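Given below, in the form of structure tokens, are the structures.
Two complexes, one shared chain (subunit A), two partners (subunit B, subunit C).
Let's turn to the complex of A and B:
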């Protein structure tokens, strides 16, 4: 059954065309994908998330020719950001919707000789394809991608906004790939936005982002996952940090039939810093699964990771956070916190904050909580004349508000507030106090 | 009984050795292990305490488990299991007056077949896991305790295990049944002398606390941990689990200092409403010891509560992992869990790991988990040394303070001994 599925995926890889200089990487990806034992419920990394939704489908690749004009409704979902915008529709770059690219950016297909060398040097090297199943598949399916390369001590004047939107129907698979290389002292902001229009029912996006943050460089990374309920998403963000590098990450996801997002960050130079915040908001029958891993390979690095989840209806959330301190990574400061709010009787959460520590002079702490809305807080609000339904929305929003407020990109923060509020209460009456700050 | 064991053996043959724990050890040749070893032939089994090998009495004394009648004041009834056979059980008559049954399980099988049949395997079934299946197939002795309704056991009960023979596996089975409204406190001590070869210890402990009963189970484990180079030592693969009925309480307290590899998760199934589970643990590893230990709290009943306090101390080249599961079932309304696991690192070649699993399927269940990892702070060391303590004493004092929350759960004599054990185990880890 599973082996069959792996073969089926490989057959799809053969249908993709790619520039010849990337075919080695694709072949490698295919090999790793084949070599993977297919995960079962006994595989630790997939203990709580079933891959059946992806296995039980006969996948087709998205048709390139079809529908490149998006409806007004879809366009309205774009974040109005003064940025270099790249719009991928069904996995292909749509040049009409995208802005002119700066010199720092290029698609793999248009890369010049020097950029090709750079891509070959890093692509597929940052994400470990032996351990990350869908990273291997992403390389195997590679047909299009984008490189963001900022030269030493340069600062990209505007954020980069990469939109992945799908509007094709049943059982269409899409591959997305981004490579970020920041040289010494460079600075950039990247916003990745995944969504699907309501017409898309059962598509599957397999996305992979690889980042190299050079010495003293700084990357701000936002990843917004708001696909339709039936869409599948398997994604990964893999980052390498050199000396004194900074990574500031924010991620938001709703749930769907299958949504699995892996963050894997490696401190490879001393003094590097990771700030990672995440929010997951599954509802109805949705599933969401975040796996994060931060590896401290060298001394004097810091990590601060906070994930909050509000799980409603019969939804199910999984959080697996792991901090791995290697031997000799002394003077590490690492903190991880995961808090969950269950707002219904059927909601479920499985959380596993792990610490694996091989050095002694470190300060590490992690905390995890699971609870429901505080009765006293509810009582307080209702005693002030707020209806119970509205109070619930306010308290749910308050649970994640701290992280939303932490988003530095103003436009994004203002864009997020009403959307998150609407996930808790569709009715404007319920969200009026939240949206009008 | 034979059939029950054969069934377990067949199950065991179909199972694979688990490899998910955070420990490494060479493969065990299960054919090379002796499954039964009697300390002396049954005829000249010691008739009274005076005939017991003075060396063994000595080890008892060192551990603070008074076996001699003169120490009757301490009021502890002891069942001593050497290798595979229960050697001596003290205070039998006095306990029987109170209606308490405390005897080797080999005897219980003959004398109380109904009780044994009803409860054995009810908490840890044969196919529970690899080592539990092995134990079910080959166990030769262990302790059996039954506390009748409403009885408060008049003294602490204690079992003492020792593996003497080389290359022997010890597979004891303990079954404790606390009937409605009863109370019992049970101590378990383990040691083994120094051997080059690795020995195997795969025990199963089953606790049954019926309505309103309370069981307190304390363990001080001092198996031979292997030498400085990690040679020899005990492989300790133990399954311990208790089931709590309505308003019952099970409390596990453990101090782990021995064994080369530990794989042990004393667990509570909180089946009845308002039942309580507690787990207090100190696990100390030094040299090349490896420990993967923790607990499982399975909340099924309403308003069930559990507390987990785990303190891990790693020194030398050792690896110490906490692995715990807190599961709130979909019927566990109002359930509450608090978990705290702290790790202390001594030396820069050791590891401390935490793998907590939290599964919550009820919104009114509240789960809290906290963990910290740090080393013995230089400031604390400086303060102690400046007051005239040498480095080793200072560390031992700081470690004792770190473990205080757990030690105060132990019965008095044990708490003092546990402190000393830590001191001995930490020897040579500083400076």
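Let's turn to the complex of A and C:
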């Protein structure tokens, strides 16, 4: 059954042609994909998340030509950012909605000889396709993609905003791929935004982002996943950090029938630093699953990871955060915290923070909590005349507010506030006191 | 304003208040004193409607309504305010958000229009100044990382903004040094009005040097065992509570 699904996925790949210089990579991806034993409930990485929603569909590749007519409502969901914007509609680049690209950016299809060399050098090398099932699939489906390459000591003058909008009511699969290469001392900001135009979107997006952060380079990375409840998403962000490199990441996701996002970061040069914050907010029957892994391979690196989740109704969340300190990684400073708020009796979370330490001179801490709304706080607010319904919304929002406030990109922070608030309280009466600037 | 008749109240099935009666008229300040464990804080919590604090018999009438029938938020909107003994910290919800929500709720309940953000901000800044808190406290999480004194001042600031008709101060003076106590008292005294009443619950007579009560009641073992004017407080200070407990026993 599962093997059948793996074959079916490969058959889809065959329907699409790819530029010849990427075909080797595709072939490698296909081999890795086929070599994976299909996960079962006993497979640790998929223990709490069922793949049945992908297995049970007859997927087609998206064959719709990119539509130029997104509704005003959809366009209003774009983050109004002064940025280099690339818009993919159902996986296809929509040039009308995209801005002119700077020299630092190119789509794989338009890459020149030097860029092709660079892409071939890194693509598929950062994400471990033997470990990450859907990274392998992404390579085997390789088609469209974007390269962001910033030369040494340069700073890209504007953020890069990559939008994926889906509006398919049937089982169409979309493959998304981004490669970021920052040379020594380079700086860039990348915002990835995935959403559906309507609640009927039943598409599946498999999105893979690979980043190389060069020595003393700095990447700010934001990933916003707010698709429809019926849409499926399997995605990964894979990062290599060289000496003194910095990665500052933020991620937000609602839930859907299947939503799995992997972060895998490797400290490969001493002095590198990772800051990673995440928020997940599944409700109704939604599912969301974050797996993060940070590997410290060398001494003197730092990691600070904070994930918070508010799980409502009958939703289920998974957080599996792993920090792996290799034998040589002395003087590591690593902290990971995961806090969860369950706002209903049916809500569930499976949280598993893991530290694996093979070096003896390190400072590491990790913790996870699962709690319900604080009765004392609830009474305090109601004793001030606030309705219980509004108090619940305020407290739920308050639980993640610190991470929202920590978003450096002003426009994004202002954009997030009302959207997150509306996930807790669907009417304006309940959210008006937390939406302000 | 408030009429409590033969109130009995329990917490976790343990009877704490036993047949307590109290009548508070508009404009009056009543001090309730008593030893630890007498039921002073329970009384405040029952009045504010804290879940788990259950009135088992008797009645409480507040401004002509059956108080026990009202949810906590309605009591607050009707003008009942409890300044907590131990205000809870709520990280992530800013003081400003809470204050605006509170004042909006109170005003719209009274049929008044809500204040604009600018007018409200002005009012909040003034209240902040009146209780000697820096304006940065408005942006901080509710009571988050506040010192004991700052929490108490914050309670008084909320009280000033909500303009309640019945203010219950639950050991607001405990843990305060005299400077902070004077700030709190000044805030309370500035709010004294013919149509506003206060119930000041305290363990120490010192507060009453600054907030002068019309009546002093001694609560022991869940009931009021003695009432008098402010001189009773001085007597208690001199003699302690044990003679009263003996008298009752």
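Keep in mind that, in the parts below, the second predicted complex is superposed on the first by the 430 of 437 C-alpha atoms of A that agree within 3 Å, B and C clash if a C-alpha of one lies under 4 Å from a C-alpha of the other, contacts with A are read in each partner's own complex, and residues count from 1 in each chain.
Everything that follows uses one rule, which is that a residue touches a chain if its C-beta (ideal position, glycine included) is under 8 Å from a C-beta of that chain, and two chains touch if they have at least 3 such contacts.
Small disclaimer: the values here were computed from a predicted structure and weren't measured.
Chemist: By the touch definition at the top of the document, which applies to A:340: first (subunit B), second (subunit C), both, or neither?
Modeler: first
Chemist: Of the partners subunit B and subunit C, which touch A:352 in the superposed model: first, second, both, neither?
Modeler: After superposing on A, A:352 lies in contact with subunit B but is clear of subunit C.
Chemist: In the superposed arrangement, which partner chain does A:383 touch: subunit B (first), subunit C (second), both, or neither?
Modeler: second
Chemist: Between subunit B (first) and subunit C (second), which, if any, makes contact with A:394: first, second, both or neither?
Modeler: In the superposition, A:394 contacts subunit C only.
Chemist: Identify the partner contact of A:275: answer first if only subunit B is touched, second if only subunit C is, both if each is, neither if none is.
Modeler: After superposing on A, A:275 lies clear of both subunit B and subunit C.
Chemist: Classify the contacts of A:34 with the two partner chains as first (subunit B alone), second (subunit C alone), both, or neither.
Modeler: Neither subunit B nor subunit C is touched by A:34.
Chemist: Which one hits more subunit A residues, subunit B or subunit C?
Modeler: B
Chemist: Please indicate which partner A:16 is in contact with in the superposed arrangement: first for subunit B, second for subunit C, both, or neither.
Modeler: The answer is neither, since A:16 touches no partner chain.
Chemist: Following superposition on chain A, which residues of subunit A contact subunit B and also contact subunit C?
Modeler: Correct list for subunit A: none, the interfaces share no residue.
Chemist: Taking the touch rule as given, give the residues of subunit A at its contact with subunit B in the complex, in rising order.
Modeler: Listed in rising order, the residues of subunit A that touch subunit B are 44, 48, 327-328, 330, 340, 342-372.
Chemist: Can you check the complex and tell me which residues of subunit B touch subunit A?
Modeler: Those in contact with subunit A are residues 20, 328, 330, 343, 345-375.
Chemist: Which residues of subunit C touch subunit A in their complex?
Modeler: Subunit C reaches subunit A through residues 48-51, 71-73, 75-77, 82, 84, 87-88, 90-93, 97-98, 100-102, 104-106, 109, 117, 141-142, 158, 162.
Chemist: Mind listing the subunit A positions that touch subunit C in their complex?
Modeler: The touching residues are 374-377, 379-388, 390, 394-395, 397-402, 433-434, 436.
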